[in-house]
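A, B, C and D label the chains in the order they appear, each numbered from 1.
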Amino acid sequence: MPEFPTSIGTSDPTTIRLLGHDLAGELLGQVGFGELAFWLAARRRPSAGEVRLFEAVLVSLTDHGFTPTAIAARLTYYSAPDSVQGALAAGILGGGSRFLGVTEDTGRWLHRVLEGLDDAESRSDDDWDAVALEAVRAARAAGEKVPGIGHPVHKEADPRVPVMFAIAEDSGSLGAHLRLFAAVGRVHEQVLGRRLPLNGAGVAGAALADLGLPIELLRAFALLARTAGLIGHLAEERESPIAPAVYAEVDRNAVYVPLPDAGSA
Amino acid sequence: MPEFPTSIGTSDPTTIRLLGHDLAGELLGQVGFGELAFWLAARRRPSAGEVRLFEAVLVSLTDHGFTPTAIAARLTYYSAPDSVQGALAAGILGGGSRFLGVTEDTGRWLHRVLEGLDDAESRSDDDWDAVALEAVRAARAAGEKVPGIGHPVHKEADPRVPVMFAIAEDSGSLGAHLRLFAAVGRVHEQVLGRRLPLNGAGVAGAALADLGLPIELLRAFALLARTAGLIGHLAEERESPIAPAVYAEVDRNAVYVPLPDAGSA
Amino acid sequence: MPEFPTSIGTSDPTTIRLLGHDLAGELLGQVGFGELAFWLAARRRPSAGEVRLFEAVLVSLTDHGFTPTAIAARLTYYSAPDSVQGALAAGILGGGSRFLGVTEDTGRWLHRVLEGLDDAESRSDDDWDAVALEAVRAARAAGEKVPGIGHPVHKEADPRVPVMFAIAEDSGSLGAHLRLFAAVGRVHEQVLGRRLPLNGAGVAGAALADLGLPIELLRAFALLARTAGLIGHLAEERESPIAPAVYAEVDRNAVYVPLPDAGSA
Amino acid sequence: MPEFPTSIGTSDPTTIRLLGHDLAGELLGQVGFGELAFWLAARRRPSAGEVRLFEAVLVSLTDHGFTPTAIAARLTYYSAPDSVQGALAAGILGGGSRFLGVTEDTGRWLHRVLEGLDDAESRSDDDWDAVALEAVRAARAAGEKVPGIGHPVHKEADPRVPVMFAIAEDSGSLGAHLRLFAAVGRVHEQVLGRRLPLNGAGVAGAALADLGLPIELLRAFALLARTAGLIGHLAEERESPIAPAVYAEVDRNAVYVPLPDAGSA
């Protein structure tokens, strides 16, 4: 008979243990939700500074207004108001390569560059600029995009970026990924021929990577944050719905375009 | 042309505003993730005490070990490792009437009882006992279950319950729903003929209702908490997978049972 | 060690068996997809007439243009083009009480009325009218809606309805649910005071119930049909996308409405 | 105001049109469900032979017993029996790179090889062998897997494969993708040093590609087929559930493994 190993939870008639701690006696009221989420994902308890940066990242990713995923969640809630879980799941399913992917792509890209280095911690800004320059050149030569730079709305500067760097510095969590990302911001113009701002999704990915969270799951933290945002959208949809108007607008402005063989049957 | 009203987010080239505040200047690093989640859902900023109770509720709901939803998420991640969002969504979709529903059901039930009362705030414990007794009797007469009591494992007492009441009291958020729920715990034996413990999912629902969160969305907060738990399960699945063994165990122990007409074609 | 009973599939190194039959030797090329779907759900092989009615029901439910679910699937595909399964799942999740629910609600409602009768098969149209009249009166007295009647667009008559009745008659599958549904169409005006057309979703539910498919899963057949429709929407979205325009339209016409305490922090 | 072009559906008070045809007058009872699914996806009406091959492909992909996706759907249905759409969506979400991906990967791989050729139609089997040999060598040199060959259970031969080739031949739909796939089956041993069987998922992908369905959506057809299979699993779960036993088995055999810092708080 197989055994199923886990370090997460166990319980018996009188005790519930989570991550090896007594939930009632040691965790409830004593550990924050963000702290617990970090702990579960990283499988180690974060420091106070790490929690501060982590929560700032989550806050920065929670909502971006009427995104396609928020609209999809609202339309699903309108169609199936009996299933809140379905509306949230529909919103989460939009968390793929185009929108939320930037966070993950940036973290992965920086991580890959860093894997080739030794002694990343002791580098100066000039050293980082040299590393970044080589990495951006390599990306360009391979025809790949450098992730985390440029933004359709914040064309000059993304206001989240300097604040996130300051929080990371301040909380003692500024690491190699963020330093390299900053260097990318300084040097990419030399290679790409134009200056693009570092963007908020990118800095979030760099910060999550610096926090030591699993690179392969960076997208998941964007989705955790976005779940809170989606609940806000559903709460608002209950009070002032937009889904019926979105549906009506699309349906009313549908224009039928015949296919080559339509009507020939 | 229709307009789409929202109080959540707006942005322009230099500023991102969330809930009417400058995200970079007023929120990042200054508002916690739990606080923001509450604010978005309740459409008002919570007090520090409310945040404390809310985060305790989320922590209490984050993980319950190898639940069917955690197993489903792990199996989905195993089948489709390219889509973290799909695995999380699959886990969330189990958040229905049987498991996570208790939180919502309890909040709704208490809310319904309270709607019939006026002046709920000034009642004594004896008053609450009388209200609870009548409500439990009415439920019994109607053949309905009283939600939030009894637990398959914690048959005597659920260790989360007293801690949650203490946090609510301590943070100044103990309100009518929790008081009524406590009274249900005191009086139900008179009606049902046996003593059942208040359970953790029920106290979570009562607390969320006392916090003034939308009754119709209580399930959503259980799902937000569970999303963090599911990320923990996916992180663990990457390091020590159980999904292949679950699959193998079920497949290997499949026993074919012919249908009446099988093989007759 | 537990065993897991199943009548669906088994395989060994040389044979794959499905529903007790050799997939390669007895089923592939010899059983239609609709026939197999029916067989799996009903756990008995349908007759040719049953397959004909079942496929007509599926065809009638496959697509209804730019529904909220189709729009949600397209928006999800736009956000996460790497996950076709996520876009389809998002579309399916809209299959709840408001839109696809009519099919299930009608089947359930008719089923409940029929459970109270004996000898349903031998009734005349006049008998059915009497049954329907009583059932509609009872629904009205209880403040419940009679499902399957009325349509926001097809206010006079839903063109699918007479064709579906003809196919059911013609294929020998016209049973008690459809007969009762027809009677509802004849008598409801006496109770409700206005004439509403039977609608296509309702006739689909009645037909699925007459086919002996599980009442609790009627919604699932609407979802199977709709999956084919959603694939059509994704195929069209690839060639002439609407999701970017839907997103832009909603985002551009967002109007910020301050909350009471916004900006006060 | 934007317009939203579509060739799928339109309706007015008296008529519903689908793909340019009168649904009630021209399609219901006259077009099969598989035929309609093909038509919507390919945006052209298939021939009778194409429908035959397409339905055989769907039948071959409908169910593979207790797969991880079937188990996940059953667990989700157990947790949330109120949401059939959620259980189906959870099952669909497992349709990713590991399980259902083979169908898509094989179709894509064959398609890519064929894109480099001209005049594919008139080739002899010897010509195809030469093309396949070069393609398998190139895959091997690039360290890539050749998709569609090998099977964990059917180690010698997959019984679906010869039947699918016969149906394709017989229905006049045997095209370049299937011919190339057959050649891969004949020549790969020369490169890989061992003989692997062509598998059923691979032949399905090759057949779908030969039918001219969109290469980027091949996975979607596997998911359409699987939706029917999942409905069968839910129907069976209602009658003889396995989810409670799967849950109990995993939960009971959970073994707690402490994390390095567990218990230190």
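Definition applied: a contact is a pair of C-beta atoms (placed from the backbone, for glycine too) under 8 Å apart; a residue touches a chain by one contact, two chains touch by 3 or more.
Keep in mind that this is a model prediction, so the values were computed, not measured.
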Neighbouring chains shared between chain B and chain D, ordered by label: A, C
B-C against C-D, pair bridged by the larger set of C-beta contacts: C-D
Interface composition of copies chain A and chain B: same or different, split at half: same
Fitting chain A to chain D on CA atoms, where both chains share a sequence, rotation angle to nearest 5 degrees: 180
Pair in B-D, A-D or A-B that repeats A-C, with over half of contact pairs matching by residue number: B-D
Whole-Å gap separating chain B and chain C, where each centre is the average of the chain's CA atoms: 31
Chain C-chain D separation of Cα centroids, rounded to whole Å: 24
Chain C residues counted as touching two or more neighbouring chains: 1-2, 4-7, 10, 43, 65-66, 80, 82-83, 85-86, 89-90, 93-96, 100, 240, 242, 246, 249-250, 254, 257
Chain A - residues contacting chain B, complex: 2, 4-16, 18, 22-25, 27-29, 31-34, 36-37, 40-43, 52, 55-56, 58-60, 62-66, 83-86, 88-90, 92-96, 100, 153-157, 159-160, 162-164, 166-167, 170, 200, 214, 216-217, 219-221, 223-225, 227-229, 231-236, 238-240, 242, 245-246, 248-249
Interfacial residue positions of chain A with respect to chain D in the complex: 1-7, 10, 17, 19-21, 26, 43-45, 80, 82-83, 85-86, 89, 250, 253-263, 265
Of chain D, residues touching chain B in the complex: 1, 65-69, 71-72, 75-76, 78-83, 86-87, 89-90, 93-101, 240, 242-243, 246-247, 249-251, 254, 257
